[in-house]
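One structure is given here, and the rest of the page talks about it.
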């Protein structure tokens, strides 16, 4: 393992790392069909993990979960730890949400282009997050307050609020308000949009000519490798096929005209 | 340290571990951080004459102990492969096996011909068995296998592997490929499979069926290699399918493989794949085996350990 | 409660869950504690004309997400089956599918004939695809499939299933079986596989290759059933291979199976197999589906849920 | 699960049970390449588990272990708990030995014919155990002291002694003594032998005409179902093929003449 670890960390400039590290779930909070997990990197791997930038993701596995790793974007990260925010549903996430503290995860990454390298940095943004899509949105908001005009976060049910202290969350079940509604309320000329969430939300964002010329969406795809090699995740764009895992996950709406 | 270099009449390999066609792409992403000296060869993603977009999303889904893919041979076509990809991979410190395919013997001949002058193309692998494109799974008819292999043979002087599927008729197809001039066989391609989204009742993959890869198919690939080795004691065989650990690789070697291909493993844990050769060395050392060649085909001669 | 009873021209089944031939033996051990009313049919271990001992030990070993077996049709022969086994299983509250095989069309005809007068033999299943005996895997030649099926058809009035393997040529073999008089198909038998004991370099199974079963082959079995259903929209299909959960069973039904066979699952967790029909009922109820027939073959008509 | 559990426990006379129960590893001790685990049955299954008799076994799985369950014979058992004694090696046992307390196992059983229903009860026995084979031997010795003349237990290395308090264990590495050697020392005319351990030990026992007419060996085989249906485990005997899982695991040496 020592030698592998050295191989895996010979990455230039904090680029993608191929080492599978072990992380331990130290705390799990549940609510409204979601879970928020605090994961600390287990030694001997605590030090060399490159810090994930907002929008980047890890490829995650559990020993008894699915064989293919899954992409998960931290909602927060620091030295030797990350927090994940997941839907408590699906082969991996269902097991993760139910796993007792002390459970070990296999993590590889971080991968993907950070939001700040795709978005125009001369603008401020309404950040739109729906469901598990709030994870990279809140990570971004905390890291780059200078780029944030407002937040538009939405969920179906209120149970999730306990997992997102301090966040102003629209809950459809309470009063019919949604992330998209909040966007429409708060958006103003000159602002851009960065959105992450379910496909119908992203489609609605990209369909709306008010902001779509300055809007970006973080796409989901079923990933294989996560680092650009397997072509499991490619999508058509006007400038050729792009890989969601390395060319994204964030794309300008103009790059994905088929979405709207 | 045990020797793990592999030598055939047509070429040598630093280690028996080969990146199988597909999951590693063209190796460029991996090369940024991993040491290709630990890999015997990089097999490229399959190249066709014209560029291809592949199948629609989703094209990779779960399977128990594996995955199902229907990428569908997305690739830039042989011209851009030569101009854009070869310059990047020519200097990799490993052998390059360029995988090719086509809708006709004529097309595969053209692709092979286009690569003939290209430095750094060490081997060709003719993909006769992709489960994810229509009209190109020729590998279930020996006459078609012959025709395709002959077309490549006529157009190319490179050592040539013919890649086949597991399943009935393997020996006849392998025989056709070897007689038509293939220098070896790659066994196996992903196995045809399907998954259904139970919430809708529709197939999960946009193209319905796909290819099953990963540990689930290890026993199937082992049986195919075993059968081929029994039928062709002298053939050069690349055993591919379900290998993720050094122990799996040993099984594949004992079944009769000269080289061991890894596909799914590159997606699951790429650093581990680059560590396989070292794992193999340690495994051999711990048992006092001086050369990996001693275990190749051991299952056909009563085992490598004579107690 | 959703209906889960299944009706075909040749017979009815209380639930779509069938115990596949082999792992459940003759059902006697299970019947001591589990309720056969939850099972649509018991398929017996395959019966041949003469008693057989099967292959030497070991004959069952591990595989990722499954197991490899080479039992080799150990059975008491048709005479003792009639005198010793049938009396015990005649009263089980489920349908009985008696699996038969032989080294020639003549032998399978004789076995079928010997069962003709036997009360309680509801269906016959002709095992054309056992991977674990020599000279009897006839299922890779359509002419042999025809010949065997015709021999059984001539000797027996019982509804008849022909059991085939996954893999190339399935549609031609299925066509041969149906034309020769089979009333349905069982897809699939265990898939040929091999494991090696790395510490010796020898095959783990005494007979080298065996049959891979369990979740590993679920996608392979689904693809076979999907392909057969597409080719034969009206055929009666038993989908077998890798099913262990109610969700797996739904996938098999959506792919086109009328009944769902379970083999490996009986070894892993027999009580769970006897709970599958109830799991299926609950699954259908939760989605407002009134009859399991609504999901059968759904993948061929755009899904069961029209959104 | 409730309905399944009822199905699984409709067994007459404590016969084989098909219900998969959950057991929690509450304590693990390691030594000399072996491990001894205390497993308590997790509710709601604590009550209906039939008590395993010496020689019987459970079919055991871990969620991330091999797909086929494995046979393990308790070394001790009581109301709602069992103790297992395993070689810390192999796909399942290696993982079990390393699993932290709190880990849950899936258990099905007990299966197999108890030793007392195979052995002639009018005799006393030298009980021979080699390696993991001491598990059913010590279980039997504790349950039926009236049938025991002496114990002959052997291991390669001494590290295992801490796991077997009070047992007199021969250690080959220390002074060359073995379970077989102890048997040869203590056996006397009129005594029988019951042996469990590696195949060479069983073969040596069955080959020796001094005691073999009154000797029994507990065989191993790779099991599939464990309850007599799959025919994965059958062996030839002079009176026809027998299943190790239900007709055994204990066999009189006369039944297995090929062993010696």
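So that you can tell them apart, the chains are marked A, B, C and D in the order they are listed, and the count of residues begins at 1 in each.
Methods note: a residue touches a chain if its C-beta (ideal position, glycine included) is under 8 Å from a C-beta of that chain, and two chains touch if they have at least 3 such contacts.
Worth saying up front: this structure is predicted, and the values here are computed from it rather than measured.
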Chain A and chain C, separation of their C-alpha mean positions in angstrom: 45
Chain centre separation (chain B, chain C; CA means) in Å: 33
Whole-Å gap separating chain A and chain D, where each centre is the average of the chain's CA atoms: 51
For chain D, residues contacting two or more additional chains: none
Shared-contact residues (touching 2 or more other chains) in chain B: 63-66, 214-215
Pairwise touch network: line, ring, star, complete, or other: ring
Chains touching one another, given as label pairs in label order: A-B, A-D, B-C, C-D
Of chain C, residues touching chain D in the complex: 22-30, 32-35, 45, 53-54, 57-67, 69, 71, 74, 214-215, 264, 266-272, 274-275, 278
Contact set on chain A toward chain B in their complex: 3-5, 7-12, 15-20, 61, 66-69, 91, 106, 108, 221-236, 241, 246
In the complex with chain A, residue positions of chain D that touch it: 63-64, 100, 102
Chain C to chain B touching residues, read off their complex: 63-66, 68, 140, 165-169, 191-203, 208-209, 212, 214-220, 222-223, 226-227, 242, 247, 250-251, 254-255, 283, 295, 298-299, 302-305, 307
